[in-house]
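The next block holds one structure in the form of structure tokens; read it before the comments.
All chains are identified by letter, namely A, B and C, in their written order; residue positions are counted from 1 within each chain.
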Amino acid sequence: MKLQTAFFCILLCLTGLLSFFGCSDSEEPSALSLLNVSYDPTRELYQALNKAFVEQCDHEGLSGVVVEQSHGGSGKQARAVLDGLEADVVTLALGYDIDVLCSQGHLIPADWQSRLPHNSSPFYSTIVFLVRRGNPKGIADWGDLIHDGVEVITPNPKTSGGARWNYLAAWAWAERKYGSEAAAQDFLATLFSHVPVLDTGARGATNTFIQQGKGDVLLAWENEALLVLRDYPDQGCEIVHPSLSIRAEPPVALVDANADAHGSRSLAEKYLNFLYTDTAQAIGAAQFYRPIRPEAAAAEDMARFRPLAMVSIDDFGGWSAAHAKHFAADGIYDHLPRKRNP
Amino acid sequence: MSRSLANSNASSQSAHRLAMGLGLTYMSLLVLMPIAGLLLRSIQLPPGEYLRVLQAPETMAAFRLSFGHAFLAALFNTVTGVPVAWVLARYAFPGKRLLDVWIDLPFALPTAVAGIALCTLYGPHGFLGAPLAKLGLKVAYTHWGVFIAMSFVSIPFVIRTVQPALLNLDPSQEEAAACLGASRLYCLRRVILPELLPSILTGFSMAFARDIGEYGSIIFIAGNIPGETEILPLRIVHALECYDYAGATVLAIAMMVASFLLLLLINLLQKRQTS
Amino acid sequence: MNGNPSSSPLVMEPPWVRRALIAFACLHIGLLIVLPFASVLWQAFSHGLSTFSQLLATRDTRSAIALTLSIAAIAVPVNSLFGLLLAWGLTHLRFPGRRFLLTLLDLPFSISPVVAGLLFILIFGNNGYLGPFLRSHHLKVIFAFPGLLLVTLFVTMPFVAKELIPLMDDADHDEEEAARLLGGSWWRIFWKITFPNIKWGLLYGIVLCTARAMGEFGAVAVVSGSIRGRTNTLPLHIEALFQDGDLPAASAAASLLALLGIISLVSRGIAARLRKRSEALRLSAPSSTP
């Protein structure tokens, strides 16, 4: 009998807890708080930038500013915003994911990319190879990735923005090297047959390569590769710059519908403009992102960025065209012949 | 007397009905309504969409992988789970209580953590992964990884349904059989097993169902290569993240119908067993 | 009870079989369950206890713990209550379509957590059935507390009911029948006869429900929006820490979560022990067996 009483006491306690926590719900979005929905490898970047931004606001007498962060695969994040995640600003891996907010959700105007300088991209990066200590497989360029016994780690182009840049860079190289689209398609099919793991996001791929020790080459954002060199010095990884890469521009945008609903438009605009200031550009360079105004960054930070031949998304006719051709359902990526890794 | 009996019968009948009604209302609101919403979406789709999504070779492969490995893992857990339940229910030995507590751990460990832990353990440089790789068996990032993760998350189901059934078993039947000269093995097959079969089936179906849907732990340890190591739930996520709501809906419906039919089959089997 | 391990020698296996079976059980559990868990603990403690204090010092972790606890605090009682009602009703009534309902009850198990999340997005998302209404009334469901609660309720719905239905089916309906013939009210029958038979099953169902509610990942990931410090539950926070590359912190958070689960599991073990003791006392005291 006592156990039954005890049981009901537990139930009562739980109900009490419920009412207690039910009342103490977290703060609502206000004009002084921003939600920045970002992609995967920018965790460290925005941590540093948000700190600087809040300090600057404090300095100007605007206290109590809070910037909240959400990180994940670029496509996943855009989908969340589309479904109702109330981001004031989005900072995603590629323009297409922001285009979708306009075309499918009508959350932002169609001309979003021309509202801020440099295609709304305060920083850019590129795609490089990360190899194991001493480059045992002798990787020098894209063509070496499909040699026998080489395992390549890249995230899934279906879900990861970084992986799409990887894919397009490989495509651009192969098209120039072999001179035809069919050959490029064949090269990518072979390349993906060397991929043993497809993670959903760039950070997941990095973890697979570094912490699980899987694979010989990681196709990575340059910022991610440099971060690995800094954080895992004992792994002795090396960066290999391919003969041709791509100028990977992760754009930023104000989500008009949400910012207007929260009354945070002016703060959000201030935040995005802040990304172009000297302070932010210097922070970006220190966090391994190439700044659009190199003069603002410290010289030793800039020294890390090797000059590199790059194509840009415009060579693919812009993101809408590239997406429709390569990544949409039934696009080229879906129809790459599945080859077995020998 | 007869009036009060009729009264009490009627009142308990109505109490059961009330409980049932409340429970069903809750279930309809929480479970059936959202599912109805999904079904509603799916009928609005043109049939071409179904063909496009379901005919893709990667989808077929994902179906085979998810259902096939879920079946194998559930089977593995049934074969190993019954002896473990037997040991826990019948034998006394030091450390038994400790063993008993561990069994529920896969429930307590969140799936993502399980995935990370299994991946570190079975990874190319892991504690178990490295020796296994030497033997030529790669686990992490292959379909064996899917099997391992599925087995891990569904270990407790069979053990926990069979254990109470074993405890509730009337020993007099066994004793009678033994007195009549039946061998232990014969007794096991003819007296104990039939009694246990319903709970074994329940445990199996729960494990199977859980394995089909499992996502969090598998994505860390499987290679997630389309057509090879990509499970069905991951395919849905991929469709979603390409804004392909139609594709995600089709896959979700197909998966739901398939698992519902399988569960119905198992439930019917159980009915035949119990009656 | 007949759960006594030392039954008559007639129905015992030979010692070598017993030993082999025990060894097998220990090996099985050790290899498949203890080892992965130990590797989490090893990672967590590899940098000493400071990992834990640093982890608990961050606002994001504390809010993730509070969020996870509050979701469980609501989801578990609600689902226990309705699970009990459903099990009681389904086992005491016979009607066409009962088997179908039992199968429906399994659905939240077999539906992938990902699909569960998708279901709620299709209803409450911006493009969902209720999306425009919610937006115009400034109500937030998904990417906020209510959405997290809803998917958790969904995935943990069947635990209690599934645990109770076989017990209630197996239990002697004769006793209940007899009580009813003697004119006992349904409440007294439930309280004195049904409940004592199922209370351990109920407790176990609740334990499972709690553990799953706190550990759910897939479904919650779809509807959370993973805003750090606001909608990140503890499992999502662990994943975030892991992705940050902070394996010790992620493992520490993971062992905290596992600890919450283990506490509930151990409390169940203690309760079972207390029950045995109380039963033993009742049997040994002659006055209590008239």
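Throughout what follows, a contact is a pair of C-beta atoms (placed from the backbone, for glycine too) under 8 Å apart; a residue touches a chain by one contact, two chains touch by 3 or more.
Keep in mind that what you see is a predicted model, and the values were worked out from it rather than measured.
Looking at subunit A and subunit C, the chains in contact with each of them are B. Farthest chain from subunit C, judged by C-alpha centroids: A. We define each chain's centre as the mean of its Cα atoms; on that basis subunit A and subunit B are separated by 36 Å. For the pair subunit B and subunit C, the distance between C-alpha centroids works out to 14 Å.
Looking at subunit B, one finds that residues 120, 237, 240 touch two or more other chains.
Among all residues of subunit C, those that touch two or more other chains are 127-128, 242. Residue positions 82, 104, 211 of subunit A each touch two or more of the other chains.
Residues 73, 75-76, 78-79, 82, 100, 104, 156, 158-159, 195-200, 211-214, 327-330, 334, 338 of subunit A touch subunit B in their complex. For subunit C in complex with subunit B, the residues that touch the partner chain are 1-3, 5-8, 10-11, 13, 18, 21-22, 24-26, 28-29, 32-37, 39-40, 43, 82-83, 85-86, 88-90, 92-93, 99-116, 118-120, 122-123, 127-129, 150, 153-154, 157, 161-162, 166-167, 169-170, 180-181, 183-187, 189-190, 201, 204, 207-208, 211-212, 214-218, 221-222, 234-236, 238-239, 242, 250, 254, 257-258, 260-262, 264-266, 269, 273.
By the touch rule above, subunit B contacts subunit C in their complex via residues 1, 4-5, 7-9, 11-12, 15-17, 19-24, 26-27, 30-35, 37-38, 41, 80, 83-84, 86-93, 95, 97, 99-114, 116-118, 120-121, 127-128, 151-152, 155, 160-161, 164-165, 167-171, 174-175, 178-179, 184, 187, 198-199, 202, 205-206, 208-210, 212-216, 232-234, 236-237, 240, 245, 248-249, 252, 255-256, 259-260, 262-264, 267-268, 271, 274. Contact residues on subunit C toward subunit A in their complex (touch as defined above): 63, 66, 69-70, 73-74, 76-77, 80, 121, 124-128, 131, 134-135, 138, 140, 142-143, 145, 191, 195, 199, 202-203, 225-230, 240, 242-245, 247, 271, 274-275. Only residues 52, 56-57, 119-120, 123-126, 140-141, 219, 223-227, 230, 237-244, 247 of subunit B touch subunit A when the two sit together in their complex.
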